[in-house]
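Okay, so subunit A shows up in both of these, paired with subunit B first and subunit C after.
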Partner chain A sequence: MTELTTPIAPAAARVSLLRRLLRNPVGVVSLAFLAIVGLVAVIGSALAPYDPNLASLQLVLAPPSPDHILGADSAGRDVLSRLLAATQISIAAALLGLVVALVVGVTAGLIAGYYGGWFDQVSSWFTGLVMALPGIVVLLAARAVVGPSVWYSMLIFGVLLSPAYFRLVYAAVTAVKNELYVDAARVSGLSDLRIIARHILSVVRAPVIIQSAIIAGIAIAIQSGLEFLGLGDMSVPTWGSMLNDGFSNIYKAPLLMLWPSLAIGLTCMALVLLANAMRDELERSVRPVGRRRRRAAAVVAEERPAVVVHADDAKTRTGEVLLSVRDLVVGYDKPDGSLTRVVRGVSLDIRRGEVHGLIGESGSGKTQTAFAVLGLLPAGGRVVSGSIGFDGLELAGAGEKVYRGVRGSRIAYVPQEPMSNLDGAFTIGSQLVEPMRLTLGISKAEAKERALGLLERVGIPNPKRTFAAYPHEISGGMAQRVLIAGAVSCDPELLIADEPTTALDVTVQAEVLDLVRDLQEERQMGLLLVTHNFGVVADLCDRVSVMQSGLIVETGPVRSIFAHAEHPYTQSLLDAILEDGPARGALAGTPEVAR
Partner chain B sequence: MTTLLEVKDLDVTYPVKGFGKKPFQALRGVSLDIRPGETVGLVGESGSGKTTLGRAVLGLAPVTGGSIEYRGRDIAHLGRRERRALSSEIQVVFQDPYSSLNPALTIEQILSEPLTARGVAGSQARTRVRELLGQVNLPADAGDRLPREFSGGQRQRIAIARALALDPQLIVCDEPVSALDLSTQARVLDLFIEIQERTGVAYLFISHDLAVVRHISHRVAVMYHGEIVESGDGDQVTGAPEHPYTQRLFMAAPVPDPVRQEQRRAERLRLLEQQREADEQALATASPGRTA
Partner chain C sequence: MLQFILRRLLSGVVLVFVITVVAFSLLYAGGGDIARRILGQNATQDIVDRKAAELGLTRPLWEQYGDWFSHAVTGDFGRSWFTGQLVMNGVSSRLAVTLSIVIGATLLAAIVSVFLGVLAAVRGGAVDRVVQVGSVLGFAIPGFLIALGLVIVFAINLKWFKATGYIPITTSFAGWLTSVTLPIIALSIGVIATVAQQVRGSVIDALERDYVRTLRSRGLSMRRVVAKHVLRNAGGPALAVLAVQFVGLLSGAVIVEQIFALPGLGQMAVQATSSADIPIVMGLVTVMAVIVVIVNLAIDLAQAALNPKVRLS
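Moving on to the complex of A and B:
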């Protein structure tokens, strides 16, 4: 019971978003600035040395002086006092708009996304309408009706901003609504309110917070803009009205414009930078997981037990070795400079015309071995040591140049997921023709003829129609046939198939296996078949190697391995096979009635 | 013995988006019954409707005809509130152990969810969670961890523990082992059987894998194109199938033994040839019997 004895991975430290932000320099600076602005908004009017509305004729457009550090405006009011008082009003007005947008947008988004139905239709229509309205025109019209009030205009502006939240939340909810864990919660008997609060709000929380930072910036800018245009209540000090005053006196006292501009500009900047920092931190939280998993595979490194090798029997091929892998080590560089080795010394030979199965459980390194041979290791991975000899060529560590003469033309590849390996933007025909023109150097018409022949050969009922079709128009089994046709189109000597039938239904799998067998025999290709299914191995392979955590533990002719496996791991895998086990039989104590 | 669940002539039709599009009928006149403590296996390929049947029993698919009776009461068209009340009777284990657990919640939060929804107090719920973790052979301290810290097999155990939390009478298992490695798969299946023998829970066990279904089921039903084409005793359906489709399915699964697989392959090709000839004859006599 390895599952009981293997300890669970060490608990990951869960760091709150706030703490992570405090470690991000941009985050700290913008948070600190916003904290100061917030503080000023709360206690600013108490700190102000003068009444912000106290006008003095002596002080009209006074330059900065010890008594009035920032000078005075066109009505002789102290600029510092006004700036401090204006912060409160501007921030409060922006917050009002934000809260209205948040409440309206998030609530409507949650309800419309979760329940759908008529509310979804109505609110989506309404959202479209609101987004189509020019905001500033609506605000101007509203001012004509309700008068010059900061609060009313921000209330209306909040509604105008709510689509930003609605669309965000709506998209997130519809994506998560069909997650299995939401279904499971429903089956567990949770009320809708509880499901929304627990499972759905947590998903939309992060994007909503980020959006809020941006929306707050917009609200401040728009609010200031309205005041600047003189549409606000001029008796209330705000950043916008101060800007207006400064602008009208720009030749007489240019400094007057500077202070409100700085306040508006820096606050908006801080909000946007904070949103960016939050997004960066939230995205970063995903990264350590993969790293840890790989490390777990490397813990048991170093000891390299002997490989159990079965003697060849009459059915295994002798002859020229096509691919010879010796002591292959594949590793991934980690950010801290160390190396995680996922393949730890694999040796295997494939002769011309031989089908070699590479079998193992997930994480055993079988796919990594295949990718190393193809020179297609994902970013960060490399062949650390060992050699990959292919018909006299050394492929380990070889450059693109060497591979270009090999991949596609002499070594071909059939992937696991047929659908994601066809480009949805091109017809199937063009995806078959292009590689052939490049590697074989034949004309387009010749390549097309060949492609149609291949499609017919792989058992596609109507080759002409499939040739002109796009990938989404064919089934998964057909797509895999197309990929096989593409793989053999340039007469490769070695075919590498990575779980070629795992994504297919059993009946389709059987057909695809038949096809692979026929093509392999017909063309006498070497075949490296990566799989976790012993049935597939039994069906196709001449020889099989069993992999466990980056090493081959047992290798030999397929019949010999199935008949008397010697390595305990191979035995445990074979024991876990359910085929041919006894059926469970009818339920005890019931009459044997089969309906 | 009485039946626990009885599905009669069930139709499920999904509306298809777009004006004037024909709705998609996923199930056509499906009948099935499950007795207390019994496992009924449901086999079929993708698109056969087997998952839809499971979802219909759970109240997650739109039933358009027929009935689903649980202990003699029709549960096909329950309201949200009544459905919630049924959660202590019918539970579910889904296929994908990755998306069936909320990645943001700890294991304890996930497992105590159904309990607190029923008003079980916090401390009692915690004791029950530890008990549940023990039942599925996970250490008691697993409760503080997040799902991503567990392997696929361990996650599936957590999903089983969640299903067991309210002591249900029936668990719908939708491909619960198909995402797992071979050796993990065998252990999880044994856990299912052990729990059934201890608690007497019944399973509707959905899988595409005949071998898995054979291992765990008392009775087996085979689905094809939204209909049940063959059903009966597990040994018979998975050992000597009668319906042509079941035969094809049976023959298509490769045997993990090179010698016997060679024979089976030959047998399969012969069977396909036979069925093709039969089809051609049927066509020749101009009787398009099946509406596939």
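Moving on to the complex of A and C:
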């Protein structure tokens, strides 16, 4: 059978699907064509100028003429009349298959999904069985038993197609069954039948309609295919049998094949296009706006308050500036052509060997700033303006050519969530070796030796075993150590760590932070540490910048900021970690839009 | 790993067994009617009864099945009721034809759909829209219409290929190629449409994974990450769809063999059902089920090779 997937839409599809479809050009054309086919199916035989089975020896393979607009077939029957009559039978047969599949599949799906138990087992197993046999072979076998009959064939084919509905309904029901509102309905004493009718059918209605359009197309294709093979009842005019007649006379009257081909092809195409149009309309109505911009702080006004800058004290490092970000603006293009700015003019410097903390709550734009430096913004995002200077190179808007010499070898990255940042299909070793071979140009053996050394350095107890392991075989803490090892594997000058401990257990957090600090000191790397935790900043950083809604609001040496934070937002972040501090209220001064 | 293979193998054997039981019960349930159909309406009841007894149709169904099964496991599916030819001989001489076009179409579809799907996912924009529209058309137009179109254009008008007939690969490789090219293309278009969509979806999905960014942060080029990591991760779902499509390919082969006059299993099935030659139909159903099980096993193994987690489940 054919694998069919239809998105299961939430019950939100209250607005009539039909009305929305009428605004979709493809939908309108498909619907109009299908309406004509439907009309012909109902009144076609009445319109036919001749009896579709009236044969005439004079007319055998007659070309089109005023009396017989489409000519006559190999038995001298009027092609137009046959085409009109065939529409009725072909459509009726397809509808029979569709209705059988719908009734069997939806009923079984509802029962199996809602009640589970043995019926669930049996029907799932039956579905597997049906899917393992080629449909036409089953129909051929059935024909050997019951003889040629369009109706029997479509009855059986309906059963063969029912798994498409079964799986759709089953998935929807099991997903909805344990929702709270269904529980509530059950507790409040609604009967199972009412719950199914009210809460469950409403969820599957739209996908079932879409599926039906596709199934109808398949039913027409298969039924015509069988008739085309000459396996149908040849006394009944159908599109498939007309095609068969045309194919036998392909050299003598090639036009004969055209009409049934057009009827089959256009009808199937209209059904699939209709299904596609319906799916598009449904997806459009349920797609949440701006879902992918979860971290984006959308701020309407372009106010840019003054940044509180603390003067350097005696202990601040004064070396060569490694990374210099100036007035960085990062934006996402929206479909309507406007731009959402998530970073709105950030400037910061990192010297060689300096640890710079970038702190702020989720959505303040700190991760976006980090990605912009790496040149790895998610799809749709770009550096709108400003500059990113890295040791004499301009990275803002730089192409892959520039970044090729920078990523990995000079700027490296430690991600937040350890497990999802390792490719589960490859061993840990191969994910360490591959970049080293490419970036450092060393041999496989050399890279392996280096990787084992790194694993040992980051505190992995059995480096050889971890090297050969797959990501799902190690713990989150271990995975984060592996990622840190990978980041420093090519001796970068700048390390960008995006909340490297947030996803870890509290007990592991301190160890991983120690490791990051040790490696940073050992290798004298610049470190941009993105975090939302002032405790981490106090432990590691020389300098800190506080970000809020895409802007830096306060920046300076760590001691100075801890001693006298001036910006209310910084104060509220600091209060949040001081045990004996005042009661924690809402974070001060966060614009409502950012929440 | 061995346990994984054995478990899949066992479930395949059970599936084939159940299919033969169901098919046998349905095909032979007619009993005396079958003899009537063979002999025609004019035969006397006496002759019909004698024929039914001769074919063993009067015995209980389970006994008939036991008889069939004990022979079938040794590869003997009985003889045709009409020609007396061994079913297995007919099957084995035609198997190569069907496998040629079905496996050819699977491979062609796999290559082309991966290419198109990745291209659409990575490039986006106009390329993506062209692939999307092409997929919808390829999915919507019935395979036999595509086959007819190919015959008319390339065989009848342009005369690039032979319209009908089959040349065994052992006779001439070039000849074999010209005889199977059009059938393979006709069969694969629908599969390409479906699988390319799946590849596109899973590549887009894989591209958004965190590890893609991390690998790129280590200095790997986008091209390399896509070719090595994204493709391998997107391969699993695509293979699953290909496995389901393979069953559809066997269906398609029945019609395509008829159009191109290829002497394959499908053609044999069409002839056997027209004459109600039940032993042949039964043998074909069994062989098809075995082919499906073998292909599914091969695809399961490929899945396990791609994704280490599959090996554990």
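To be clear about the criterion, the second predicted complex is superposed on the first by the 350 of 595 C-alpha atoms of A that agree within 3 Å, B and C clash if a C-alpha of one lies under 4 Å from a C-alpha of the other, contacts with A are read in each partner's own complex, and residues count from 1 in each chain.
Methods note: a residue touches a chain if its C-beta (ideal position, glycine included) is under 8 Å from a C-beta of that chain, and two chains touch if they have at least 3 such contacts.
None of these values were measured; they are calculated from a predicted model.
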Practice item. State whether A:Pro207 touches subunit B only (first), subunit C only (second), both chains, or neither. Key: neither
| task | Answer with first, second, both or neither: which of subunit B and subunit C does A:Gly389 touch in the superposed model? | result | neither
Exercise. Should A:Leu180 be classified as contacting the first partner (subunit B), the second (subunit C), both, or neither?
Worked result: first
Practice task
For A:Asp192, decide between first (touching subunit B), second (touching subunit C), both and neither.
Solution key: first
Touch test for A:Pro254: subunit B only (first), subunit C only (second), both, or neither? second
Interface residues of subunit A shared by subunit B and subunit C, listed 1-3
Subunit A residues touching subunit C in their complex are 1-3, 128-129, 131-138, 140-145, 217, 220-222, 224-225, 228-229, 231, 243, 247, 250-251, 254, 257, 261, 264-265, 268-269, 271-273, 276, 371, 374, 376, 378-379, 400, 404, 407-409, 411-413, 415, 417, 420-426, 431, 434-435, 438-439, 470, 472, 483, 486-487, 489-490
In their shared complex, subunit A is touched by residues of subunit B numbered 1, 31, 33, 35, 37-39, 45-46, 58-60, 80, 84-88, 90-92, 94-96, 99-102, 104-105, 113-114, 117-118, 137, 139, 142, 144-146, 148-154, 159, 162, 165-166, 181-187, 189, 193, 208-212, 214-219, 231-236, 238-239, 248-249, 251-259, 261, 265, 268-269
Interface with subunit B, subunit A side, in the complex: residues 1-4, 6, 8-9, 11-12, 14, 179-181, 183-192, 194, 198-199, 202-203, 289, 361-362, 505-507, 509-510, 513-514, 532-539, 541, 558-559, 562, 572-581, 583-587, 589-590, 592, 594-595
The residues of subunit C that touch subunit A in their complex are 15, 18-19, 22-23, 26-27, 29-30, 136-137, 139-145, 148, 151-152, 156, 194, 207-211, 213-222, 224, 228-229, 232-233, 241, 244-245, 247-248, 250-252, 254-255, 258-259, 266, 269-270, 272-274, 276-278, 281, 284-285, 288-289, 292-293, 296, 306-309
